[in-house]
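A, B, C and D are the chain letters, set down in written order, and residue numbers restart from 1 in every chain.
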């Protein structure tokens, strides 16, 4: 299906401020960029590089004053994510070398401390996809989706303790529980059609039966219509904007829109589960 | 300056035909992609990968029948290429490791056979940028720009023998002569504003004084307003379309346009020097 | 100078156990591998790959039973580490793209929570190398080197709270404090001549004035005679052995030796500062 | 099986001469480095980097005067190369992205000019492994192994015309004929046990049925006991020594030895077929 997505951002810099944005999706096997705009006002020179996860990163210096960043993209994406209830856990010895590092603990996913929790969540669920779906479903039903509970330093253990969080926190819990069971898992950020309120979104992927599968603990059912902006170990690696100023950027406005121009207007799907 | 460029292609496939296109520029230090379209009709799944030169490559299978490919891009590019008459030759021992391979002979640039010619061209010109400019200028004044002399298998030695060729051939000669003098050189293909007749263009870059400089033997004077599509050792690596069918694709039409929307219309610059 | 180093390891596997070792140094600008042995008994097939940090990683399956791993290496290394008291902090905007990620928080270096501590440690020290040396020296004088205080899940905040740790913990604190001040820092593991008791060692590097410098908070003075085995964000990425069995490997013995064959026997240097 | 191989080289430099050597094998799936020595006399600083083919490259400056380079290695390698008469040609659409470039013509393998010859060689042989074996066998029986016929600028077409060449030339012909049939092929250089006279050797690999297979047109029968030193498109990329001096290095001596310490001494196998 075809999706149109846009993100408009207004920031104020109180002094020249180096910034890295990750706002340009890449064409890949599951998504194809039909068209794109990437506007900066005022115009500043930008260097684009590819990080070790394969993400396109835009480096620039935001000059003192106001700046607007506007990105728009039309992408061909998958209508539905693939669900494979019987996909097995890939034995460690058969994991591709470049997937192995997604087994490791990371800043927000301290999987080295979470095996006990993971075992209690999956219980006697058969190994593989079924375990990850069990984890996803457990998060969906046992954590409340609530703003204001978490901050930039909240990790998966904190979220379990709070019993609540937002999409990023749900993804961290899912990733950390998977890794503690030796299932490679990674963070994904991007756009999803039908979110309400609309915003950039975060979910996770797990590597099972030789490929990556999408999981989203904020949703009641498997849903496609997603555009991936970036992959990483956790939120550390996928910030849509990172600023490195002597003084932080002030984010004045951020507006995200996602539409499916070729489709009848969908009913508004709650972007996130209603909180408990 | 801002450039708009487009390339429309119509092909016929007589059976399903695997194809690789290199029609998506990358944002980098010298060019920034403001907006882009990449249309295929009919729509087919595309995989995009990055080759060892850093080029974006689009893999697809052209289904039996007709296909249209249309790409449009608006880029911020440099008005003028940098000219540095005194840039020195970089000593081999100071070349970055990932530049070294641009010293090697390649299919169309048999530099291992061209040292004698290179020495006769540069004469007593001081080493460095001045030598490359001497080579560029020598090609411009001594080879005729003429269609139909060269084919897909013409290399730099052939072109010297013919005394004529097109942009691709001029670039091959320039690259081969540079390399024989131990100056790293690479092929560039892309768009250039003001060419007449308009078409995709080819030129070369040489590594001098620690960076790459642009040289174009088809032009009377240094000219900017270029959009890079791909880099490579020579034409082997930078084909805008490579087809791998049991039967070759038939190219029915190819139309390239480049405009500078923010500028007064430039006089038509001869895309290439007038032939001798 | 020339160093000889060896590491002998005996493990028991209670079932076939996938393992990744990082026990083969790479030749680079600061160290050159003169000779090497890498023995496995029993012999098993090994695949060697290079991770995203550039480390050589050896993958194998340890069969049920006992295994010995013996590595020996003779390397040419630097006698002294470079000390550059006036090296400035590299502005973010001038950092190479592949260094930027060493600014980010990581599992054991939660720099996002440590700016306050870092500011109190560096006080009015001028920015750059001097700050990192101040951090290194502060750790050396304020944390006790003591075994048994930390575990595999201890992060830099835990270590500050305990007031004690081992080389790995000291490195984590140094790295986290640097990153919170926007100085890229990375973990290093390897061999060091003169440690007592001899063991594998860990220290850190900070990126200043355009290059990496070595810092070791366990030592009274700058000391060279090091062989690097691996680089990473923190201990997550540089384990000399990672096992992924259904049951963990049992480590029966590990013996490290480092000698400098061409030198008069050095006095035994305390491998680590005496604890407070 | 275990192989010991060594290469001793004596050169004279008439002025400081930058040099790149490719004399250090890498451990991989099919070969494991048990032990290694790499001596330089006099000692000079060396930088080791990995090129785009994955080869380890040693950069150094040979100082004016004499230098000896000695490398010794003990490797675990495959006794026999895998033969798979029924392995199919991999359809282009299923080739891994990083294999595609091995379809392209290169300096010494102008496959763009050799389709006609390839078709006449393979005749009605079924597509896939059988075609490559047919090519290999055709070269073996129709080209004479003879020193002095070819030079550093001899390509596959030249060799066909001469009707003779050495291992490098045979490999070039095999590679070029494969590529013209859309079979990816690459150059390999390394050691082979039993060659007489002993020397560094060259052969080729073709990608069939999803993996690389070894082919050696100098041999009567499939033979293993090989150590790979480097891969590339053709001889351009795999020179064991490349010098970049104002004056070329003088090669005074080069001595290669390969033994299989755990085996009864093999009969001397003619390193190469007897010439016609």
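As a working rule, a contact is a pair of C-beta atoms (placed from the backbone, for glycine too) under 8 Å apart; a residue touches a chain by one contact, two chains touch by 3 or more.
In this text the structure is predicted, and so the values were computed from the model without any measurement.
Enquirer: Moving only to chains each one touches, count the minimum steps from chain B until you reach chain C.
Expert: Minimum number of steps from chain B to chain C: 2.
Enquirer: Comparing centres built from CA atoms, which chain ends up most distant from chain A?
Expert: D
Enquirer: Averaging over Cα atoms per chain, report the distance between chain A and chain C in Å.
Expert: 31
Enquirer: Can you give the whole-Å distance between the Cα centres of chain C and chain D?
Expert: 38
Enquirer: Can you give the whole-Å distance between the Cα centres of chain A and chain D?
Expert: Once rounded, the distance between the two centres reads 46 Å.
Enquirer: Spell out, as numbers or ranges, the residues of chain D touching 2 or more other chains.
Expert: Residues 47 of chain D touch two or more partner chains.
Enquirer: What chain-chain pairs meet the touch criterion?
Expert: Once each pair is checked, the touching ones are A-B, A-C, B-D, C-D.
Enquirer: Spell out the part of chain B that touches chain A in their complex, as residue ranges.
Expert: 24, 26-29, 32-39, 43, 45-48, 50, 56, 58, 76
Enquirer: Which residues of chain C touch chain A once you look at their complex with the stated criterion?
Expert: Listed in rising order, the residues are 18, 20, 47, 49, 51-52, 57, 59, 61, 91-93, 97-98, 100-101, 103-107, 110, 112-113, 152-153, 182, 236-237, 244.
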